[in-house]
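Going in written order, the chains are labelled A, B and C, and every chain counts its residues from 1.
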Amino acid sequence: MLEASNLECLRGERRLFSGVDFRLDSGEMLSLQGKNGSGKTSLLRMLCGLTPPANGEVRWRDQSITTLGDEFHRELCYLGHHNAIKEELTPLENIVSSARLAQEKLDEQAALEALACVGLLGREELACRYLSQGQKRRVALARLVHEKRALWILDEPYVALDASAVELVATLVGEHLRRGGLAVITTHQPVRVSAERVRELWLDTDDAAPAPF
Amino acid sequence: MLLLFRAVIGRDLRLAMRRQADVVAAMFFFIIVVSLFPLGVGPEPDQLRKLAPGVLWVAALLATMLSLPRLFADDYRDGTLEQLALAPQPLGVVVLAKVVAHWLIAGLPLVMLAPVLGIQFDLSNDALAVLTLSLLIGTPALSGIGAIGAALTLGVRGGGVLLSLLILPLYIPVLIFGAGAVDATVTGLGPQAHLSLLGALTLGGVFFAPWPTAAALRVALE
Amino acid sequence: MSHRLINWFRYASPQTFYPLAGKMIPWFWMLAAIFGLTGLSIGFLLAPTDAQQGEGYRIIFLHVPASWMSMFIYLVMSFWAAMGLAFNTRLSGMMASALAPTGALFAFISLWTGALWGKPMWGTWWVWDARLTSELILLFLYIGFIALQAAIDDPRRADKAGAILALVGVVNIPIIYFSVKWWNTLHQGASVSLTKSPSMATTMLWGMLLCALACWMYSIAVALMRARTIMLERERHTDWVRTLLAAKE
C-alpha cells in the first residue's frame, strides 16, 4: 500500500538520509527510530507529500503520491509536531472547524464523543489557551477518534502526554491496525501496540554527510 | 469546494472576533496617519482637498501592510497551514477564502472609515462618494496581491519590512487608479475610466494571485 | 526530440556548466570591450553635436543601453525563474540570482544618468516622467528580489521563492508601466519626453546600438562569473568542486 523507494533528503548542504526503502501493507505499522536531527520529521513530511524528496518516490496503492494528489490526501491523517489548534477557540470549536477544513463530516454529537474519548469532557467550552500542553495534544489527537482514514502519519504523538493518554493512543493505533489501517509513527518511547506486524526503520546516517551530486 | 471556502472564511472571522485588538489597531493606524497630514502640511482647505485622495489611499496601503504579515503567519506557526495544504482541495481555494476574510477584517473597515476621514480634508460629497467607492473596489486587490508577499516572506527573518519592500511596488497601479478616480471627480473629468480599470485590477488580483500564493506557501512548508 | 532534451539537461547541471562558462567568459569580455570601444568612439568622436541639446546629450550612449538592459535582464531573469520552477534544475535558480545584481546596477545607472541628463536639459535632477518613474519601480522590484533571496537561508527555497516573485513581477511590469504612463499624461501632459529627437542621426543610432551590444556582452560575462561563484559556494561539499579545487592547488 505505502511504498517508499530510494528516498533522499537534503537540508541546506547536509544530506540527512538517502536510500530509504520500505513497504507497508494493510494492518502494518512502521516505527521510525533515530537520533534527534536524523531526519525523522523530514521523512514523515515526505511521506505526506509536503516536502518533495531530493531523490526517490513515495507510492500509495501503486501510484505516485504526486500524481494522486487530493485522492491521497483524502486517505491521509497527518499529526505533526504542532497541534494545529487555535488558542482562541474552544476544544469543541477546534475539532469541528478543523474537521470542516479537512472536508470531514462531523456533527456536534460526534465531536463531543471524540472529546470524551480523549478525556476532555467538561473542558469543551474552555478556550484552548487555558489548557495544559498535554490537554492541547489531546485535542489534536481527537482527530484519530473521529476521522476514519486509512493512513496515519504521526510525528511524536506521545509528546507531553501522561501515562493514561499514552495508553489511549496505543489502543487507538492498535484498533486502527486491526481495522486494516496503516500507521507510520516516530517516537522516542517504546510503542506498545498489539499488532501482528510492527516494522522498525532506523535512520542513522553519519553526521554531516556531504550531498553527492 | 464551496463548503471549504465558507469554512475558512467562517473560521478566520471568528478568530478575528476573538482578538479584536488587532483589527482595531490597524483601523486606528489608518486614522492617525491620515490625521497627521494636515498637521504636517498646514490646514489650508484648498491644499488639503488636493492632497486628500493620495493621502487616504497611501494610508490605506500602509494599514493593509500592517495586517498582512499575520495573514498566514499564525496558521504557519501552529501547524494549521500544513493541515490546510494536506486537505483534499486545491490550496488556491483556501488562499482565496483567506483573502476574502482578510478583506472583510482589514479592508472593509478602511472603506467605512474613509468618508469620515475625507470630511477632515474638506472633500465635496461627490468626491467622498467616489473615494469610498474607489476604496471599496480597490482594497480587495490589496488583500489579493498582498497575500503573495505574505506567503513569500513566511517564516523569513525581517519578514514584515521585506513584505513592504516586495509588495508596495506592486500596489502602485491600484494607488494610481484609486487616487486618480477621486482626483478625476474633483477636476470634473468623471471617475468612470479609473474605476473600471481599478475593478479590472481587483478581479485580476483576487482571482490570479491565489495561485502564486499557494505555490509560495508550498515552498514555505517544504 | 527526447535525445535533444537530455542533451540540454546535461548542460543544465552545474558540473558541466562550470567549465563551459569558464571558457566563454573571456570571449564575452573581449566582445564587450570591442563593442564598447567602437560604440563610444562613434558616440564621442563621430556623432554630431545635437542642435538643441549640445554636447550634453552624449550621455544617452550610456543611458539608453542601460535602460534597455535593465528591462531585458528582468525578462531573462524571469525566463530562468520559469525554467527553474518547471524543470527544477539547479542551474536556473543560480542564473536568476546571478543576473539580478547586474539588472539592478543597470537600472541604477539608467536613473543616475537620467538625472545627469535632466539637470542641463530640464534644469532639474528629477522629473516624474513616466519612463523615469517606471525605471525607479523596476529598481525596487530588483531590490525586492535580491532582498528576498538574501533573507532565506536555504538556497533551494530561496530560488523557488525568488522565481515566484520574478514571475509575479514580470506579469506586473506592463500593468505598472501602463498605469504610470496614464498617471503621467493626466498630471503633466506629454510635454516632457526623453525621446524628443524625431530624426536621430544614423551615426548616433549606430553608436547607441554598439554600446547596447557592449552592455549586453558585459552582462553575460558578469552573470556567468557570478553564476560560477554561486556554484562553487553552493556545491562546495560535492566531489566535483573538491576535485576542481584540489587540481587548482
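Annotations for the structure displayed:
Basically, a contact is a pair of C-beta atoms (placed from the backbone, for glycine too) under 8 Å apart; a residue touches a chain by one contact, two chains touch by 3 or more.
Everything numeric in this text was worked out from a predicted model, so none of it was measured.
Common partners of chain B and chain C, by the touch rule above, are A.
Ranked by distance of CA centroids from chain A, the top chain is C. Averaging the CA coordinates per chain and comparing them to the mean over all protein CA atoms picks out B as nearest.
Computed centre separation for the pair chain B/chain C is 32 angstrom, with centres defined by C-alpha atoms. Chain geometry summary: the mean Cα position of chain A and that of chain B are 37 Å apart.
Taking the mean of the C-alpha atoms as each chain's centre, chain A and chain C sit 47 Å apart.
Chain contacts: chain B has residues 222 touching two or more partner chains. Annotation for chain C: residues touching 2 or more other chains are 156.
On the side of chain C, the complex with chain B involves touching residues 85, 137, 140-141, 143-144, 147-148, 151-152, 156-157, 160-161, 164-165, 167-169, 172, 175-176, 178-180, 182-183, 186.
On the chain B side of its complex with chain A, the touching residues are 3-4, 7-8, 10-11, 14-15, 18-19, 77-80, 82-90, 94, 218, 221-222. Those residues of chain C lying in contact with chain A across their complex are 13-15, 153-156, 234-240. In the complex of the two chains, the chain B residues touching chain C come out as 148, 152-153, 156-159, 162, 165-166, 168-170, 172-173, 176-177, 180, 183-184, 197, 201, 212, 215-216, 219-220, 222.
Against chain C, the residues of chain A that register as touching in their complex are 10-13, 210-213.
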